[in-house]
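Structures are listed in the sections that come next.
Look at the two complexes coming up: chain A is in both, with chain B in one and chain C in the other.
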Partner chain A sequence: MRTRTFLVLAVGVGLLIFGASRFVHNEYYFFASYVVLQYVVLATAWNILGGYTGYVNFGTAAFFALGAYSTVAINKLYPIPIPALMIVGGAVSGIVGLGMGYLTLRLRGAFFSIATLALAVVLQTLITNWDYVGGSRGAYTIPPMKVPLIGPYIEYLFVIMLGLAVIAVVIARAIEHSRLGFGFATIRDDELAAEASGVPTLRLKLIATSLSGALMGMAGAPLPYYVTYLDPASGFSLAYAVNSIAMPLIGGTTVWLGPVIGALFLGTIQQVATVTISSALNLLIVGLLLVGFVIVAPNGIVGLVQARLRRRGQP
Partner chain B sequence: MSAPLLRVEDLSKRFGGFVALDTINLQVQTGERVGLIGPNGSGKSTLVNCLCGVLRPETGKVHFDGKPIEALPPHARTRLGIARSFQLPRPFASLSVADNLRVPLLYTVNARPGPPLAPEQLDARCAELLQLVGLADKATHLPRDLTQVEMRKLELARAMAAEPKLLIADEAMAGLSHAEVDDILALLIRLNEAGITIVLIEHIMRAVMGFSQRLIVLVAGRKIADGDPQEVVRNPEVERAYLGE
Partner chain C sequence: MDFPTDLLLNAVLSGLLLGGFYTAVTLGVSISFGMLDIVNIAHPAFIILGSYIAYIVNSTLGIDPILTSFVMFPVFYALGAAVYQVYYMAFERRGQESLRGLAFFFGLLFITEVGLVLVFGVDYRYVNAAYIGPSLPLGFASLPLRLLIPCVIALALVAALQLFLSRTFVGRAIMAVSQDQLALRLMSADPVRIKRIAFGISIATASVAGAFLIIIQPVEPSVGREYIGRVFAICVLGGMGSLPGTVIAAMLLGIVESITSTFYGPSWSPAVAFGVLLLTLAFRPAGIMGR
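This part shows the complex of A and B:
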């Protein structure tokens, strides 16, 4: 399938979901699906670096929170519409991703992961001590009640996140089927052999960190409007990092569908568990599922299905 | 005589206090078949890594095709025309055999000036290379399905896919049977006849002697002989290095 065909298809699915949401009048469903869609974006973004090039990023929360805090900072300066805020948040996180990549990509394996975790801690400390965006007290963002044409504000946020999810998935799939995707795969497999085949590994890894960071920042930009009160501890919550790693791993890391399935599956379970059992149970569920999948299906749900199809194909 | 394709001047590389390469000087002419031998640990692979940019030598100059290359990263050297095969095959494990060859085509051949290869041309080129090394029926397999010999053929094919001017084959034949060695030798000689300069690093003396027009011997990081293969192997210093006093 060509990228353009897929784009049309993805936009079609997005419109279909949007159309279906017009018949939903309970605002809770919008609040819940916003979070699930946000995780579709975060998991897909994480997978561009972690799944395609094999560099495990523990700093998702940092990029995500940077996007959110860009919104807080800009709104204090001069309020602009959310789509514009997402572009700014994406740019800020993308640039930080580039910088982080430049500093840390010479590290491999666990050392790179530790460096990304350290980045999250450093950024959280900086934000906590930056009074302009509220410091440790946090910052309030009061959204308007309604948006023309769409209705309640949460529905507007839902539509925006839906749009971003479509964009993220289309980008991920386009990468997979491009020269860039081949380059990423060679980095994951063997960097030395990749360089020997002419692949400029450092440049490709920088593209991956920037793109991945930018998408995470874009996902974070509407957060202040969603939570209305944002403080560093919740913005930089480790849950974002853990979830955005667990979702691709559970779904499957080598194809775009993996993080999408993982995010829909895990995100929905978490939302259901939050209202039916307890809101503290979320990470426990993630942990248990992750352990289960690592044992039963190390290549994720997608890997499991692929293996089954292959077995059926062979007599 | 025209300018050499590869010129190495006073190249030295040390790891801590250990001198792996000690002021190496050598030249390779365009179209030549050069053998590089030496006992284990004599610095052959270190030299290859310095030429390909994986390691940075402390001192010395490397000129390739008239340009200084010592500051270039490995991928830039590959694009200039130095291709290598690894001593232990390092295929891209998650890509099919054909896709393994597609990587250098996309990133080296298509990165050079001139019109890039179209997708159909890429497919054709992959098929052609697989035919050449006898892996055509394995095109869609993953590297883990290949035997050791096939893996080495893939390694060579991937180096060839980059359309190099200079091919450095680092022990491409270690562990292969007599007939398989002949197979690979014939392939290398065909490549050389097609205009590719080849440096062969090898322990199998039969292969080196049959292949090389010139032989370079490294011992303990120093070049101790360089010249006609027959004369070099009769050199007392070389005999001493290999056989002891």
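This part shows the complex of A and C:
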């Protein structure tokens, strides 16, 4: 399928979901689906670096919170509309990703992963000590009640996240079928061989890191409006990092569909479990599923389905 | 100008003591990451586990936390050996340790943390021991015993480990295993068994480090995360798997952190380790003791 055809299809699906949401009047469903869609973006973004090139990023929370705090910082200067805030948040996170990648990506993959893990701790320290964005006290962002044409504000946020999810998925799929994607795959399979055959590995890795970081930042930019009260502990929550790793690995890392399936599956389970059981227990479920899947089903749900189809194909 | 000199000297001294504690914390990672090439980012979680065991035994039976940690040594060793067995079967043998192996350890870190939150809640826990309050006066400075004792025991532990690694067959095999597995086989040593032993020892040191941690500061389940950056910064700075290098790097980081928190405030100290890690990776990835 051509990328353009896929783009039309993806936008079509997005419009369909939007159309269906017009018939929903319970605001809870918008709050819940916003979180699920946010995870579709985060999982897809993580997978662009982690699944396609094989470099593990533990710092999703850092990139995500950078986007959110860019919004807080800019809103104090001069309030601008959310789509513009997303572009700023994406740019900030993308640049941080580029800088960190430049320092650590020339070494073995493990160093990059450790650096991303530490980045989350350090950025949290910086934000906690930065009074302008509220410091450890946190910051309030009061959204307007209604938005013209769309209705309650949460529905507006939902539409924005839906749009970003469509964009992220289209980008991921386009990468998969482009020269860029093949370059990423060579890095994942054998970086030394790729380098020896003339693949510009460092440049490709930097592209993947910046793109992935930028999408995470964009997903974080509307967060202050969603939660209305944002403090460093919740913005940098480890739950974002663990979810954005668990979702692609449970769904399957080699195709764009994997993170989407993983995010819809895990995201929905968590929304249900948070309401019915408790939020600490549902994080435990995510951790157990992650460990279980990487041990038993290394290629995730997509891998399981593919293996089953292949078996049926050759009797 | 008398006052800042005293303050500086005090900061350096307590940094050295802190460095002794950081040595104990990093020891396990120097073995697993430095010698075995296993990126065990869950190591701080095992340390917190050690802290909680010391806390439970101390609060119910009143036994000394450090004593408890040495009694728990074999249990942690067995836990480490079991974790390595799973890691080997599921990832190393299939050659998937880079992506999925990392995710595996990240999952372990997360499960331990959330599990502890579910059982004990997020309250800070602490232990009681005779040496936690008093300090040893030393002229202008005073050495708090709760930092001095972990430091001394940690250095003794490093010395013992260094002797074990350089004098015994198994110890030498551990140092060799990441360099040449085939040669090791020819010496009739099973690399998987050697790695299992080494990983067991690495987790066993977490038991002791956990007891030190809860003596030095109150512990809650997410405290471990602050140590991930420190532990790997020290390990890399020390030259990956060199025990003397680990001690020197830990002392250096301890001093820098202690000076930072004396002159700029303690809330900045987590950033120091990360800065050290990034600078090391950017300018001297082989570390100070690296070849």
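Everything that follows uses one rule, which is that the second predicted complex is superposed on the first by the 312 of 315 C-alpha atoms of A that agree within 3 Å, B and C clash if a C-alpha of one lies under 4 Å from a C-alpha of the other, contacts with A are read in each partner's own complex, and residues count from 1 in each chain.
Throughout what follows, a residue touches a chain if its C-beta (ideal position, glycine included) is under 8 Å from a C-beta of that chain, and two chains touch if they have at least 3 such contacts.
Keep in mind it's a predicted model, so treat the numbers as computed, not measured.
Model built by superposing both complexes on chain A: chain B and chain C fit together without a clash.
Contact with neither chain B nor chain C is seen for A:G251 once the two complexes are overlaid on the shared chain. Looking at the shared chain after the overlay, A:R179 reaches chain B, while chain C stays out of its contact range. By the touch criterion stated above, A:G213 is placed in contact with neither chain B nor chain C. In the superposed model, A:V242 makes contact with chain C only, not with chain B. In the superposed model, A:A194 makes contact with chain B only, not with chain C. Contacts of A:P259 after superposition on the shared chain: neither chain B nor chain C is touched. Set against each other, chain B and chain C differ in how many residues of chain A they touch, and the higher count belongs to C.
Once both complexes are placed on a shared chain A, the shortest Cα to Cα gap between chain B and chain C comes to 6 Å. Counting contacts as defined above, no chain A residue meets chain B in one complex and chain C in the other. Residues 179, 182-183, 185-186, 188-190, 192-202, 254 of chain A are the ones touching chain B in the complex.
Those residues of chain C lying in contact with chain A across their complex are 33, 39, 41, 86, 90-91, 94, 96, 98-100, 102-104, 106-108, 110-111, 113-115, 117-118, 222, 225-226, 228-229, 232-233, 236, 267-268, 270-271, 273-275, 277-278, 281-282, 285. Only residues 50, 54, 56, 58, 100, 103-104, 107, 109-111, 113-115, 117-119, 121-122, 125-126, 128-129, 238, 241-242, 245-246, 249, 253, 280-281, 283-284, 286-288, 290-291, 294-295, 298 of chain A touch chain C when the two sit together in their complex. Residues 52-54, 73-76, 78-79, 83-84, 86, 90-95, 99, 102-104, 106-108, 110-111, 158-159, 161-162 of chain B are the ones touching chain A in the complex.
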